[in-house]
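Per-chain residue numbering starts at 1, and chain names A, B, C and D are given in the order in which the chains are listed.
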Amino acid sequence: MSAIAAPVPLGEKRIRFTEEDRPLIAFGLFTALGLTVLLPLALMFLWSVADGWSPPNIVPAAYTGERWAAVLSNSDILNAGLTSLFVSVVVTLATAVIALPTAWAMARIPFRAKRLVEIFILAPMIIPGLVVAVGIGRLFLSLGLAYSISGVILVQIVGTLPLMIRLMTATLEGIPQELIHAARSLGAGTFGVLIHIILPLCVPGLLAGGLLSFVASFEEFDKTFIVGAPAVQTLPVRLYMYLDPYSMQLPMASVVAFLLLVPALIIFVIAGRVLRDDLMAAGMGKM
Amino acid sequence: MLDIQNITKDYGPSRALHPVSVSVDKGEFITILGPSGCGKSTLLRILMGISRPSSGEIHLAGKRIDPLPPEARDIAMVFQSYALFPHMSVEKNLGFGLRMKRVDKAEQKRRIAHALEICNLTALSARMPRQLSGGQQQRVALARAIVMQPSLMLFDEPLSNLDAKLRDSLRAELVDLHRKVGATSLYVTHDQAEAMAMSDRILVMNGGRVVESGSPVDLYRRPKHAFTAGFLGLTNLVPVRAHGLQAALPWDGDPVLLTEERNGIARMALRPEAIRLEKAHHSPAEVTSTTFLGSNVLHLVKVAGMELKVTRSGTEPILEPGARVAIAIDGLQHLLVESDSVEAA
Amino acid sequence: MTALFNDRRLQLLLLLAPGVGYLLFFFGTPLFQALRESLVTDQGDFTLMWYQRAFSRPSMVRGLTTSLYYGLAPVFVSLALSVPLSVLIRQSFIGRKLFNGLYKLPLAVPSLIAALAVIILAEQGGFLDRVLAHVGLSLPKIVRDDAGLGVIFTSAWKQVPFMTLIITSAFAAIPEDLRLAARAFGASRLQTFLRVEVPLAMPGISAAVLLTFIGSMGSYAIPDLVGPPSARPLSVLMVEGFKNGKFHEVYAMGMILSAFAIAVLIAYYTLTHRIGPQAVTGDER
Amino acid sequence: MSRTLIALLFTSVAAPALAADSNLKNLDVDLSKVTRENFYEVVVPAAKKEGTVTMYNFAGSFGDVWKELIGRFETKYGIKVAYNDVNLDQANQQLIAVHQAGQDAPVDAFFAGGGSFPLLSSTGVLGNVPLTKILPNFDHYDPALAENVFGRAHGGAFPLVHLNQTAIGYDSAFVKADEVPKSFDDLIVWAEKHPKQLGITLPAKGGSGSGFIYSLALNTLTGECRAKLTDTSQTLEQAEEWAMSTDCLTPVWDYYRRLMKSAELTNGNADTLNLINNQKLHMGTVWEDQVMTFIRGKQLPDSFRLTLLEKGQVGSGDAFIVAADAKHPAAAMLLIDLAMSKEFQAWKLENKASRSPRTDLNSSQINPETAQYLLPDAVYPRLSTSVFWDMAKALGEALDEKVLSN
């Protein structure tokens, strides 16, 4: 698997055909990126510090730090942030723990109904999460999980589990059987093989799956809103309250959006370092 | 037919290819031989049109082709990895280039059928590449090139992914096919045996330069450079002092007869099979190791501070290590040219 | 006990239990519940009324078509952007590495923020509109517009990096030699792309298409925030219905939405199998 | 002396009925014994024992109002308040679901939309407490609201603590004084003269829109049709059925069809205001109190003004209620009591221009700087009419089917 991680060897082809295009391509791509990604983020920041911003002003006429001060001194939003973090961490860990044995079975043990099981595991990626969220209400009520953090965690795992199982299955499939035989011949027991061989080799997959699960959970709105709100307030739920067409408040929404973005972007930067594109693509791209 | 004139290739400040000039006649089978990194792949890419030379010109069939993109060149290629299109059947693979060149449908059919037949693939025409063995895939890759009837066929180490036995039989097939098809061919390899067995002419490359070129026999028997000598089979590089048609060896013994008159200090590439050993109890030369190889035996002989490689027929008595031997040199030998102290007499 | 544990079937069941069991319980049960509830009246008698209503009420019928539209249109837009983008980022250019890191940014940006960004940037009287007003132009309505452009752009904004990532790696998995071979056999760059690279990258591309289609078809927040006030997709109608306690109707809509998704999946499988399993080798490693 | 006797007599007579009615399952206090006079004596200790109270607020623009109240409450009683912004419909459904499952409610004191009464009371999630009768601070409460809300009897359990009014808002920088519409007919004429500059909130997405459609229907319908429109004894389902099938509403649909050719349908109350702020619209359907919030937040220009159309637009209010399954009902009552205190209501009036149901407070106490953004005395309260929210909701849904989806 790692062999593909290396980019296609940079042949002279590129040099040959793109010599003159290069600055143009770079300029075009970075301009597009700036306009579509960085500009909106910058505008969002301006909104969060704007003290009124009406046409025809292209930049706000006056600025204020009041909203940031208000939000940062407001325990509700900070609590929502903590809830979000807590939920995401638990979801990520639980997803990994639940996914591993199943992924092992899917990767390593041949059995007859495998195709069927595989499709079933994929199903939550296919069925819109909203359907699950509205359907789970009665079950949760009877279990006493409705409108609780546990309920939100449980329903979010439905969304993160399929991807994690897929990623781990792909990773485990990539461990050569010889390695396990070799370890056994060198005296490692089942547990030793697990600890010394399998888990270390799973790390890239676990990291990829973990990061994706974390981001997915951290930004999850639809299901959390239906299952948990208003008792459980995560940052996306808070953000929705400020974006809600009933009572939209762009400045406050922008502040909360930034609070929501910061951890997501930190994760993203980490992900950029430890994640390999192919692994992400393998988990998400192959159906 | 193919005329490569002073092609160079620079990557930034480093030069991957020093001026290379080659000219290939129609129907000739020429091999570019060299170790990896010698520049042969660069040359190949330039010929294909994937890479553009930093200077120089290439003419093919009277037309300058170096500024043209690959698809506009009348060249077909056989890849080391076969590079068969996995989503096309054998027949479709063969037809790909013809479709691209908008060859008439009936003509396409005829040519494909012909190529399938001469490559012995007719029965496999509907198969997908992954349903074929390595040897079969290689034959498809070959047929795909043949079907184009190109002015020039390029081969990029096409046999190196096959096991030894298959390689030998395919090598023979290839030679046979070349005879049948008669296409001008440029074959790139690092395998000297392959080069010698197949080529009309071999171009030896090293360090981005063409070291020398010539027929397999000439290059083997009369290499002008130590590199050529060393790359084409086993050899002993022996320092000698030339004087007219004779050269004195660094150990006691009869001088060697030379092919042409030379004077001065030089090196000589002495093939292991050109050295004869006789048991001689008081000789200073001593056999230090003996390796039985079946058809012949390889001895290492220590003499005058050197270790000579010597092969003897497997039918001769085997000399045990420690045996004292006398050394004699067969036939006319020839001196390498690179030594600057050598001058023509 | 040990013997029991060594029984391979039991072992398999034990291993599968956490993942599959979890999904059976927390995914299967609610789905089944929703299906059952969509087929009964308030009194618990069997009825197809809710489905009938979904297919006969103008707003619902419009919801159906709008859902499909919001599923498909962003996919086409994203595809049209992602394929050229993944071709471009294979080239080398100044700052390629930086770009490679940055273009994935939207992957980490929640769709709520994407919606906020689109509102701020492109709504009526928003930033772009104001900038254009300075040069005497006006921005056409693209947020909460009747054609749902705002929804399409927002969904596409979220999808392009994801799609590009998958398509890029699908392309990267194609051996360089195949590209060269196509060129050597007379195919132009475009022909090589269309006849060799695209078919070989197809499994990756179609998986990306499928996932993004389902994602944007089922999304609630984006159409709710940047979609037009009327012509609401099923997802929005579902949440509205849910908030108003019309559960049977909501479940019926949910089932219809799921049926769509499953139909698309089946279509995908049939299609890829018709193209032939060999096509899948494109992303085999 | 005789008055207390009568009061005692009254309470003793009413007590059994109240006790039977009370559905506050977690309340330790015997409600039947609680009067305005002994309220603090009885309830404060119980509330302190509960120690905390959870409140929901459905109105996004009211956050800072409740912050103020919570500050005062926590200082005064030392009882912690857990505050949540919620989506009204969703919170209602949550209460119903939890109630049906027999569990405790996640909320104690709920600031809920005035239109929620029929739903909350019929599903049993509304705490059946005669708040207006026993909370001391309700002693100057508007008698018209004390027992009834929008034509329904609530027995004091559903007290509005804030009054609001749907209106037509416009940017006076663009709409000249003589152009300001005075009736629904004027409005459509203005819209046609200024295409795409009038914003009508989609009824399903905001009360200013459903208030508008109900006001329009009130203005258009006569006779039996009008009687049906205002018959508050109908359930939501009955209202929906009628709105879907009746011919009475044809003129309303016609009005909308004509209006939609020149007006913009907006995505919510806030969307309308936002587009006016962006100078894309110059007039729209709004809530008076939300306008105030937006002006304070500099999300609307200072030139923004309000008016009401002949023959009236609906006024409403929002209630502060105790959930039947509340875990901290005593503290919830205490919080609601404080919300109706004269000091807080006066603060709310002055700072948020939020009108009060207290009879001893009126708009003249609003400072003139603020008053210019409120409805002028010429139209308010003269043109404020009562609303039947379930019917308004039904009209909105029917509008979707009859006009918007075609």
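As a convention for this text, a residue touches a chain if its C-beta (ideal position, glycine included) is under 8 Å from a C-beta of that chain, and two chains touch if they have at least 3 such contacts.
Molecules present, by chain and UniProt name: A, B, C = ABC transporter permease; D = ABC transporter substrate-binding protein.
Note that the structure is a prediction, hence the values are computed from the model and not measured.
Asks: Touching both subunit C (ABC transporter permease) and subunit D: give me those chains, sorted by label.
Replies: The shared contacts of subunit C (ABC transporter permease) and subunit D, listed by label, come to A.
Asks: Computing the C-alpha centre of each chain, which chain sits at the greatest distance from subunit D?
Replies: Centre of mass proxy via C-alpha means gives B as farthest from subunit D.
Asks: Which pair, A-D or A-C, has more C-beta contacts?
Replies: Of the two interfaces, A-D and A-C, more C-beta pairs touch across A-C.
Asks: How many angstrom between the C-alpha centroids of subunit D and subunit A (ABC transporter permease)?
Replies: 40
Asks: Any idea how many Å lie between the Cα centroids of subunit B (ABC transporter permease) and subunit C (ABC transporter permease)?
Replies: 55
Asks: Hey, how far is the Cα centre of subunit A (ABC transporter permease) from the one of subunit C (ABC transporter permease), in Å?
Replies: The answer is 15 Å.
Asks: Mind pulling the subunit A (ABC transporter permease) residues that touch 2 or more other chains?
Replies: 11, 15, 55-56, 137, 225-226, 245, 250
Asks: Would you give the residues of subunit D that are in contact with at least 2 other chains, written as numbers and ranges?
Replies: 87, 90, 205, 267-268, 271, 274, 277-279, in rising order.
Asks: Residues touching two or more other chains, restricted to subunit C (ABC transporter permease): which are they?
Replies: 125, 129, 189, 225, 242
Asks: Which residues of subunit A (ABC transporter permease) touch subunit D once you look at their complex with the stated criterion?
Replies: 51-56, 76, 137, 141-142, 144, 146-147, 225-226, 229-231, 233, 238, 241-242, 244-251
Asks: Name, in rising order, each residue of subunit C (ABC transporter permease) that touches subunit B (ABC transporter permease) in their complex.
Replies: 175, 177-178, 180-189, 191, 195-196, 199-200, 276, 278-279, 281-282
Asks: Quick check: in the complex, which residue numbers of subunit D touch subunit C (ABC transporter permease)?
Replies: Where subunit D meets subunit C (ABC transporter permease), its residues are 87, 89-90, 92-93, 96, 119, 202, 204-205, 265-268, 271, 274-275, 277-280, 400-401, 404-406.
Asks: Given the complex with subunit C (ABC transporter permease), which residues does subunit A (ABC transporter permease) contribute to the contact?
Replies: For subunit A (ABC transporter permease) paired with subunit C (ABC transporter permease), touching residues are 1, 3-4, 7-11, 14-15, 17-18, 21-23, 25-26, 29-30, 33, 36-37, 39-41, 43-44, 47, 55-58, 97-99, 101-106, 109, 111, 117, 120-121, 123-132, 134-139, 154-155, 157-158, 161-162, 165, 215, 218-219, 221-222, 225-226, 236, 239-240, 243, 245, 250, 253-254, 257, 260-261, 264-265, 267-268, 271-272, 277-278, 280-282, 284-287.
Asks: Provide the residue numbers of subunit D that touch subunit A (ABC transporter permease) in the complex, in ascending order.
Replies: Against subunit A (ABC transporter permease), the touching part of subunit D is residues 56, 59-61, 83-87, 90-91, 94, 97-98, 100-101, 103, 106-107, 205-206, 267-271, 274, 277-279, 290, 297-299, 301.
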